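The same subunit A turns up in both complexes below, where it pairs with subunit B and then with subunit C.
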Partner chain A sequence: MSDKILTKDSAASFLAGLGGERDLFAPALAEGKLAWAPLEPGREPLWEFSNTQMSPKEFFFPQTECMMRFTNQQDGEQGMIMRPEPELARERVLVNMRPCDAKAFGVLDLIFCQDEVTDDPYWRDKREKSLIIALACNDPCPTCFCTSMNCGPHSEAGADVLLTDLGGKLLVRGVTDKGEAAIAELPEAVPEDIAAAASAKEKAEAAITTSVEMDQVKAREVMELYEAPHWDQVQESCLNCGTCTFCCPTCHCFDIQDETQGAAGRRVRNWDYCMSWLFTQHGSGHNPRGAKKDRVRQRFMHKFKYIPVKRGGEIGCVGCGRCVQLCPVNIDVREVVRNMNA
Partner chain B sequence: MDNQALTQGIREAASRLLAEGTVDCVLGYQAGTVPMRERPFFAYNPEEAQRLIWSGFCCNNLADFLIRRPAGEIGKVAVVAQGCVSRSIVGLIKEHQLTREQVHVIGVASPGMLDRDKVQALVGPDKVITAAAEEGDELVVEGPGFNQRIARNKVMRDNCYTCVQRNPVIFDELIGGESEPTHGGVIDKVAAPWERLDPAGRLAAFAENYQDCIRCYACRDACPLCYCHVCFVDESSPQWCGKTQDESDVLTYHILRAFHCAGRCVDCGACESACPQGIKVRRLTSKIEKDVREFYAYAPGLELESVPPLSMHRPDDPQGFIK
Partner chain C sequence: MSNPYVPYPVKISKTLVETEDKQLKSFWLDFLDPAHAEAFAYTPGQFAELSVSGHGEIPIGIASSPTEGDTLLFTVNKVGSVSTQLHQMNQGETMGVRGPLGNSYPLAEMKGKDITIVAGGFAVTTLRSTVTWLLDPAHRGDYGDITFIYGARTPGLLLYEDQWRDWQKRDDINCHVTIDREVAGWDGMVGFVPTVCEQVAPKPDNAVALICGPPVMIRFTQPVFDKLGWRAEQIVMSLENRMKCGIGICGRCNVGPEYVCKDGPVFTKAQLERLPAEY
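Up next, the complex of A and B:
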C-alpha cells in the first residue's frame, strides 16, 4: 500500500494516461441527474457530488445481458450450435466510484465467484477488466449509514485505488496490486498529506448521522428473525415494486430467458427482484413466497441474515441509502433493521 | 386551512372512527423518514391515529391499498382522500372492486401536491435537502449552507396544475372544507405534447421519454387501476412480453399499460411520483384520456352513476380511429 499525491490540475492528464487502451467512466451531471457516463480523456471528472442515483452495478452485471446465441437445427447435421458472446473488448477505468459501491462489488465477488463450480464468467470478465478508482466521501448524506454496514465513507474495500480529496490535490492510495501499478509514476505523498487524509476520514465518519445496530440480528437464530411480528407492519405499505432492488448496489438476482425466432435465438439474463411474485412462482403453480409479506421479509433477511451467515459475516448492504431515498412508499431499511435488532 | 389544522382534523376523525368501531383501519399518511416523502400509514387504534399527518408531499394514491390487501382481510376501511383519490375510489366501485359501504372516505381538498424532483432541481440537483416545510403558499427548503423559500406554485406536480377536481367527489366527512375546484390549468392544452409530431417524431419522443426506464414497475404498482391478478408483463405460460431492456420490450410495457388504463385514469400522478427515474409517465395516459374525452365526452371517476365508455358498446360510438 503506497500513498501518492495528485494535484487536481494534473488529474485529467493522469487519467488520460490511464485511458489509452482503456475506456474511462465517471459520475457526471446530466439533465439534473447524477449518472455514470463516459469520461473523455483529458477532461476533469466531477469531484464534488453525493452519489449517482443508480448504482454502478450495471458495469459488471448489466440489467440485460446476452449469455450466448444459438441455432437449433436438431433435425439437420449440425444439431444445436451454441456460440459464446464476445468478452468485454476493452478494459475500463471507473473513476470516482464511491467507497460504498466499491465495497458492494467486493461483496458480490463472494457470490458470483465462490469456487470452481460457482464462478460466473460474465461477472469475472468485467471485474478483471476494470480498474476501480474510488473517491472517499467527505460529505456523507443524511441517508448514509455505511459505517454500520462493514463499510465507511473512506472504505478501501473493493477499490483498486482510493482518492481522498484534500482541496486542490488528492491523496492517492494504492489498495490492490492493480491499483499500485496504475499509480506507480505519481509522486509520493508527504506525511502532512497522509495526516490530512486521516483527519478527513475521521471527520467524514463522524458526519454519518444515522447508525444501525446489528448485534441482535447476528445473535438471533434465523427462525426467530423470520417469525418476528414486525414484518406484518413493514409489508403493509410495500408496493412490491423493484425500485429498492434495482437501485441497490448489492442486489444481484436475475432471471434467464431464451428468446427464439425460428431456429435462432439468444439466452439472456435480466435483473429480477424478490418483491415480484413471479420470481418464485414454480412451474407447478406453487409459490413458496406467495404472499407479499414473504417477499418483503425475504429481501431484508437475505441482506442482513442469510448473506452474513453464508459469507463469513459480510452484509448484503453497504449503507448507501439509495433505497431510503427512492422507495415510493418510504420503507426505510434502517428502520427495518432496527426492528429486526430490537 | 393549514397543514397543522388538517393534520389535527384527520387525527380526530380517525381516532373517533376507530374508537367507535366504525372502521377497522384508517388508511392515511405518516411523516416519512426523509424530507419531501410522506408514507402510507395504516392506523388500527386511536393511539396510532395520532401518527397521521397531512402535507403537500402526500403523493401516494391511497386507493391503491384498498385493492392490494389480501382478500378476506379487509373489513371496513377509512381512507384519507384528495379529489383524485376519491375519483379512484369511484372508479374501483364502478369496476366492482369495492362497494361504497366498505369504505369511509375522509375527504381533504387538495391544494396541489408537490413534486420533490422539481424542488431538488430548483435548489440544485446535488444539494442535500434536510428539511422542507410548507408555510402558506411557500415551501421552505433547508440544507447545509442554504435556506430557500420557493413558491408552492412553482414546484407542484404536473398533474396538479391541470386538476379538474381538487375536492373529493364522494366523502363521508370532509376535513377543512372545500377549496377552489380546479387549479386553473387546461389539461387539453398540455395533454398530448406529441400530437403535433409526425409518426417518426412521435416514436422518437416516446422512446426518449422512457429511455431511463428500469422496469421496476413502480408506476404500475403505485396505480390503483393496476389490480389485475396477473399483469400482462408477468404472464409466463406462455410469456406475453419480453423481459429485456431492449427498447421494443420497454415500450411494449408502457404502451400496453397505458392503453389498459384508457377511460379509467384520473390523472392522480401517483405513477410519476413513484418513478425512481423521474419519467414523465403521464405523457401517454394523458393523451389517451384526452381522446376519451373527445370521443365519448367522458372523464373517469367524477360520479358513481355513468357507465365507463370502454365497458359498453353503442352503435353510434366513434369509429374513425379504426383504419
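Up next, the complex of A and C:
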C-alpha cells in the first residue's frame, strides 16, 4: 500500500494517461441527474457530488446482457447450438466510484465467483478488465449508514485505488497490485497529506448520524427472524415495485430469456427482482413465495441473514441509502433492520 | 475460462410418451461431442438444465444412471412453454443439456445400510436413476436390503414399466408398485403409497429412506415413518423450485439461505425442519 499525491490540476492528464487502451467512465451531471457517463480523456471529472441515483453495477452486470447466440434452425451442422458471446474487448477505468459501491462489488464477487462450479465468466471478465478508482466521501448524506454495514465513507474494500479529496489535491492510495501499478508514477505523499486524509476520514465517519445494530440478526437462527411478527407491518405498505432492487448495488437476481428473430437467436440475462410474483412461480402454478409478505421478507432476509450465513459474515447491503431515498412508500431499510434486531 | 451457462449440444436419439394422459414424455439424449459425455460426470439425484434454443431452459432430474452408459434419460412433464415445445420435438433434433447440477443422494453415507425408496407419480425419475445405480453389480454389495415402493393414480400413469417389472423379478430388491384404485386388468397392489408403506413397514434400524412425491403423498407418508420410529436425519428428500442459473446465483430457488439448485436439491428432513417451507 503506497500513498501518493495528485493535484486536481493534473488529474485530467493523469487519468488520460490511464485511458489510452482503456475506456474512462465517471459520474457526471446530465439533465439534472447524476449518472455514470464516459469521461473524455483530458476532461476533469466531477469532485463534488453525493452519489449516482443508480449504482454502477451496470458495468459488471448489465441490465440486459447477451450471454450466447445460436442459429435458429434445426438443419445445418451448427443449428440450435449455443455459442458464448465474446469477452469484453477493451478494459475500463471507473473513476470516482463511491466506496460503498466499490465494497458492494467485493461482496458480489463472493456470490458470482463462489468456487469451481459457480464461477460466472461474464461477471469475472468485466471485473478483471476494470480498474476502480474510488473517491472517499467527505460529506455523507443523511440516508447513509455505511459504517453499520462493514463499510464506511473512506472504505477501501473493492477499490483498486482510493482518492481522498484534500481541497486542491488528492491523496491517492494504492489498494491492490493493479491499483499500485496505475499510480506508480505519481509523487509520494508527505506525512501531512496522510494525516489530513486520516482526519477527513474521521470527520466523515462522525458525520454519519444513523447507525443500525446487527448483533441480534447475527445471533438469531434463520427461523426466528423469519417468523418474527414485524414482517406483517413492512409488507402492508410495500408495493412490490422493485425500485429498491434496481437501484441497489448488491441486488443481483436475474432472469434468463431466449430471443429469436428469423434465423438469429440469442440467450440474454436481464435484471430480475424478488418482489415479482412470477419470480418463483412453478410451472404447476404453485408459488413458494406467493404472498407479498413472503417476497418482502425474502429481500431483507437475503441481504441481512442468508448472505451473511453463506458468505462468511459479509452483508448483502453496504448502507448506500439509495433505497431509502427512492422507495415510493418510504420503507426505510434501517428501520427494517432495527426491527429484525429488536 | 469454462462457461457454466453454455449447454452441451445433444441429439434426441429416442422419445417415448410415458403416460396415458400424454403429459409425460421421455427423451434419450446423446452428446454430439464424446468429450462432453465425459465432462458430464453425474451421480443419482442430480439434475440438468434442458435447453431448447429459442424457448429457454428447464431444470429436470436425471432419470438415467451413469452405470447405463453415456446416453441420458429425462422424463418431462408438460406444464410450461419450454416443456410444451420439448414435447413437440422428435428424434434427431438438436437441443442442449447443461450440468450436471446440484448435489446428489448421499450414496456414500448410505453404504452398509438398508435402503427404502418411496416414489409417488412422476417424482420417480431420479429414484429410477438411484435404484438402477444401486442394483449395478459394482454397487449392490455395498448396501443392505433395498425396498422400493412406487405408486401412481392408475396403471397408465406409472413410468418405466419395463424397469420395475424387471426389478419385481429380482431377489435383491423388494419392489412394491401400487395404484390408487382398482382397475380391470391390473394384477398388482392397490392402495395409496402411505398405506402401502404402513403394510411394508420398513424398519428404521441402520437405514435410510429416500422419499419423493407430490406434497399430498409426503404429508401422509411422513406420519407413517414417524410411527415406525424413523428419525428426521434418516429421511432424505428432493426439492423442486423455479430455477434459472442452476449454480446458486440468480436468487429465486432459495429456501432460506440454501439454494435448491446448488446446496440441494437433496436435503434431509432434519435440514428442512430448520428452514422456511418455501418450496
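Here is the rule we use: the second predicted complex is superposed on the first by the 330 of 342 C-alpha atoms of A that agree within 3 Å, B and C clash if a C-alpha of one lies under 4 Å from a C-alpha of the other, contacts with A are read in each partner's own complex, and residues count from 1 in each chain.
Rule of thumb we're sticking to: a contact is a pair of C-beta atoms (placed from the backbone, for glycine too) under 8 Å apart; a residue touches a chain by one contact, two chains touch by 3 or more.
Note that this is a predicted model, so its numbers are computed, not measured.
**Q** Clash or fit: how do subunit B and subunit C relate after the overlay on subunit A?
**A** Aligned on subunit A, subunit C fits beside subunit B.
**Q** Taking CA centres after the superposition, what's the angle at subunit A between the directions to subunit B and subunit C, given in steps of 10 degrees?
**A** Computed angle, apex subunit A: 90 degrees.
**Q** With both complexes superposed on chain A, which partner does A:Pro142 reach: first (subunit B), second (subunit C), both or neither?
**A** first
**Q** Where does A:Gln257 make contact in the superposed view: on subunit B (first), on subunit C (second), on both, or on neither?
**A** Once the two structures are laid over each other on A, A:Gln257 reaches both partners.
**Q** With both complexes superposed on chain A, which partner does A:Gln281 reach: first (subunit B), second (subunit C), both or neither?
**A** A:Gln281: touches subunit B and subunit C.
**Q** Which holds for A:Ser211: it touches subunit B only (first), subunit C only (second), both, or neither?
**A** neither
**Q** So in the superposed three-chain picture, is A:Ser50 touching just subunit B, just subunit C, both, or none of them (first/second/both/neither)?
**A** In the superposition, A:Ser50 touches subunit B alone.
**Q** Let me test your reading of the model: by the given contact rule, A:Gly32 touches which partner, first (subunit B), second (subunit C), both or neither?
**A** first
**Q** Can A:Cys247 be said to touch subunit B (first), subunit C (second), both, or neither?
**A** first
**Q** What does the superposition give for the shortest Cα distance from subunit B to subunit C, in Å?
**A** So the smallest C-alpha gap separating subunit B from subunit C comes to 6 Å.
**Q** With the touch criterion stated at the top, can you tell me which subunit A residues are shared between the subunit B interface and the subunit C interface?
**A** 255, 257, 281
**Q** Subunit A touches which residues of subunit C in the complex?
**A** Checking each residue of subunit C against subunit A gives 1-7, 9, 51, 53-58, 77, 79-80, 83, 93-96, 240-242, 244-245, 247-257, 262, 274-279.
**Q** So in the complex, which bits of subunit A are touching subunit C?
**A** So the residues of subunit A touching subunit C come out as 67-68, 70, 72, 74, 79-84, 111-112, 114, 117-122, 124-125, 221-223, 226, 252-258, 260, 265, 267, 272, 274, 279-284, 288-289, 294, 298, 301-302, 305-307, 309-310.
**Q** Tell me, which parts of subunit A touch subunit B in their complex?
**A** Residues 29, 32-34, 48-50, 53-54, 63-64, 139, 141-143, 233, 236-237, 239-243, 245-247, 255, 257, 259, 268, 270, 273, 276-278, 281, 291-292, 324-326, 328-332, 334-335 of subunit A touch subunit B in their complex.
**Q** Show me the residue ranges of subunit B that touch subunit A in the complex, using the header's touch definition.
**A** 32-34, 37-42, 60, 64-65, 68, 70, 117, 120-121, 125-126, 128, 130, 144, 214-218, 220-222, 234, 236, 239, 242-246, 273-278
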